[in-house]
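Please go over the structures that come below.
Here chain A shows up in two complexes: once beside chain B, once beside chain C.
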Partner chain A sequence: MSENVSKEEPIISLKNVSKYFQDKKTIDNVSLDIYRGETFVIMGCSGSGKSTMVRLMTGILKPDEGSIFIKGKDIAKISSEELDEVRKTFGMLFQYSALLDSLTVEENVALPIKEHAKLADEIIDIIIKMKLSLVGLRGYEKYYPSQISGGMRKRVGLARAIALDPDIVFYDEPTSGLDPVVGGAIDKLIKELSEKLLITSVVITHDMQSVFNIADRVAMIHKGRIVDVMPAKVLNNSSNPYIQQFINGRPNGPIDFFKEDINIEEIFGL
Partner chain B sequence: MITKIGKTAIELAKNITGVFSLLVSILYWAVVGPFKGKAAARQSIFSQMIFAGLSSGLIVFFVTIFTGIVLAMQSAYQLQKMGAVLYVASLVAISLCRELSPVLTALVVAGRVGSAIAAELGTMKVSEQIEALETMAINPVRFLAVPRFLALFFMLPCLTIIGNISGMLGGYLVGVYSLKINPDLYIQTTFKYLEIKDIYTGITKSFVFAVIIALIGCFEGLNTKGGAEGVGRATTRSVVISFILIILADCVVTAIFYFSKI
Partner chain C sequence: MNINTEKKNEVIICHIDGDININTSPQLRKAFEEFVEKDMKKIIVDFSSVSYIDSSGLATFIELLQRLKKSGGSFRICSMNQKVKNIFEVTKLHKIFEIFDTQSSAENNF
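Let's look at the complex of A and B:
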């Protein structure tokens, strides 16, 4: 896929983006292009800046340097009304689903439709039923988020994310906290949605199983920097030591996450 | 030491500007929003009105009726010495309408509703629900803060009127059954000295208090940081700050009425 898309205009484009949190550079001069229809996975350890990246792309956070283009619009510079217009064309699945507790499943899915589309209630009902059957949750319309399991909440979150037929869907750790079977089902859903509905998917994860299941292209991020971007097919053969350490889950290597923190010999005085 | 004072001052200034910008955006969405076809959901305003108003009715009733009773007994103790027990009626009525009922109702509502607003919005904030609203291009101020603000703005004065009536009822009970004042005479004396301006100064105060409670509750909730502990902190802060501001605003508004001879 990546071979023929690279000539197209990217749908999301980051140019030299940096973001600071209290003088600490969380995102360091990142440039990235994501193309229409592909499933792009950003992987990295906890605290590497993955979540910050997606929050920059959704306009929740503003970059301190550089610019972020979504469909050619610099979302850091446009007005909040224009940003809202851009936001209507994308959906987001949150790590903990972020469903509104006070609304039922169907009200949660209906929320973006009711807010942004002037449609009759009957039509909205049909759309909700369609979206819920896409994620396999027909019959749970009247339940509250607290009454269903974590995996089901994720699927409701997914139904809400695709409620307005978006062009882009962002997934923040879609499989974290789920058992492997449900995680696999979510992966399958993501894959199906991007194929059936031609959605561009941007997935943040550290679940390697998920990466191999869904990704077209993969970016590895470490300490706020992009280490490498490559097609998922060649991931296993990559010579990049960061990627090798990450996909094999080795504690020792260039990613020195624990080195300073844990020194057992010193702790026990050996 | 100096840096600490400086940091606290900067923090305070940030909070004050934050509260005012929240007020501006609430007013924008409440007043201008409907003309742009972006009104707050009516259903959510009504459900907030039921929560903030109707469900607070009973507790306001009890707090003010007992205050009325205590007020009648304490003033009777003083007035008996001058043989002016009859004036318990007007004293209770005026002090309730002008001062006690608006303030006590506001304090009760700040404890009950303001804290609930902070806790609810705070939980929504830490569980990414607010962020989810933003990515769905739904303004959280319009969607969450405006219904709560409007509900309190209209319900607190209503609760204050309930407080006025039930407080006077408390006074009546003491006056008639303990001080043996003729019931008709008690009611007559109550309304003889109670002027309409006594009532509307009290109601005016309750509008101001409603703004304070809603604003502080929403501000603390929407600015919650750091998990369950943060929600707890936001809830406590919202109650403490509302209490202080209510008393302060009461002092200021009373002074304005006093010096402008209203």
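Let's look at the complex of A and C:
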């Protein structure tokens, strides 16, 4: 998947995208192409701009500079109706998009279907059963989120994300808060669904294990800049010092965790 | 999407032309409801002009299967292209439907 893709038209293409919050350039001149069917991982430390990247790609935020093309359409320039149409082809599993606790598993999965389509209840019920069986949760229709484990809740989120047969699914930290075994199971499921359903997956994570489990290609983001993009299988051999520091979890290197330029007077308002 | 039906002896042959998706599957469901109401027991669905089927379409076929099971009828699917076949396979639904390569093979011994 990772090789020989360059001749194709990318399904997602960012061109010189920048985003400011107040005066701070949070996303800094990012250009990136993602191809149909690949699992593309954007990795980076907390605060590096990963979630902002997904919000830009899904049209939740608009870039201040540059263009974001999804299947050839610049989503910053199209009407909100057109954007809605594009977003119907997305699935999203966001870090904090928790399930609604007052709804059962099946009602949670039904939400996007009812929102976007006029289908008979009998048909929706069948779709829910299909989706829950794809994520290995057959029989849990009537459970409430509080009655199932964290890993199962993620699976429900995944079933909800694929409810409308998306061709792109965005995942923001899909394994965060899960133990390594459950996280590994979620990774396996993401990979399987991508391959079986021919979904393009964009995964944001700081979980290195997850990167090795699922990525076809990887981009590393640091302070809002893409410092490198490469096939996952050459990650270990990369000489890029950012990549090296990140995958080995070293405290010292070009990624500075503690700002050296802090102004101690400013902190105390002096 | 267009649906054309023809009757051959007691078999209804239903030719579908176009994508079966969330916008078109309700129309297909309506056609299927009619078949069941009219107590048609043998239905062949010709997929030769279908290039895509989504989950709502698959669900519509599952419902038809459920209804025919109750009424003692059955249906067969024929002439799927490879892409559509893959969709049935990844969802494991090829196991519950009777799928034939050609219309004539579907008509055989029906």
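One rule holds for everything that comes next: the second predicted complex is superposed on the first by the 256 of 270 C-alpha atoms of A that agree within 3 Å, B and C clash if a C-alpha of one lies under 4 Å from a C-alpha of the other, contacts with A are read in each partner's own complex, and residues count from 1 in each chain.
Keep this in mind: a contact is a pair of C-beta atoms (placed from the backbone, for glycine too) under 8 Å apart; a residue touches a chain by one contact, two chains touch by 3 or more.
Here the structure is a predicted model, which is why all the values come from computation and not from measurement.
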{"item": "Which of chain B and chain C A:Ile126 touches, first, second, both or neither", "value": "second"}
{"item": "Contacts of A:Glu9 with chain B and chain C, given as first, second, both or neither", "value": "neither"}
{"item": "Which of chain B and chain C A:Lys196 touches, first, second, both or neither", "value": "second"}
{"item": "First, second, both or neither for A:Phe94, with chain B first and chain C second", "value": "first"}
{"item": "Touching partner for A:Glu82 - first (chain B), second (chain C), both, neither", "value": "neither"}
{"item": "First (chain B), second (chain C), both or neither touched by A:Leu134", "value": "second"}
{"item": "Chain B versus chain C, judged by how many residues of chain A each one touches", "value": "B"}
{"item": "First, second, both or neither for A:Asp165, with chain B first and chain C second", "value": "second"}
{"item": "Touching partner for A:His116 - first (chain B), second (chain C), both, neither", "value": "both"}
{"item": "Contact residues of chain A, present in both the chain B and the chain C interface", "value": "116"}
{"item": "Chain C-touching residues of chain A, taken from the complex the two chains share", "value": "116-120, 122-124, 126-127, 130-131, 134, 163-165, 196-197"}
{"item": "Touching residues on chain A, where the partner in the complex is chain B", "value": "55, 58-60, 83-85, 87-88, 90-92, 94-96, 98-101, 111-112, 115-116, 160, 170"}
{"item": "In the complex with chain A, residue positions of chain B that touch it", "value": "123-124, 127-129, 131-138"}
{"item": "Chain A-touching residues of chain C, taken from the complex the two chains share", "value": "22, 25-26, 29, 54-56, 58-60, 62-63, 90-91"}
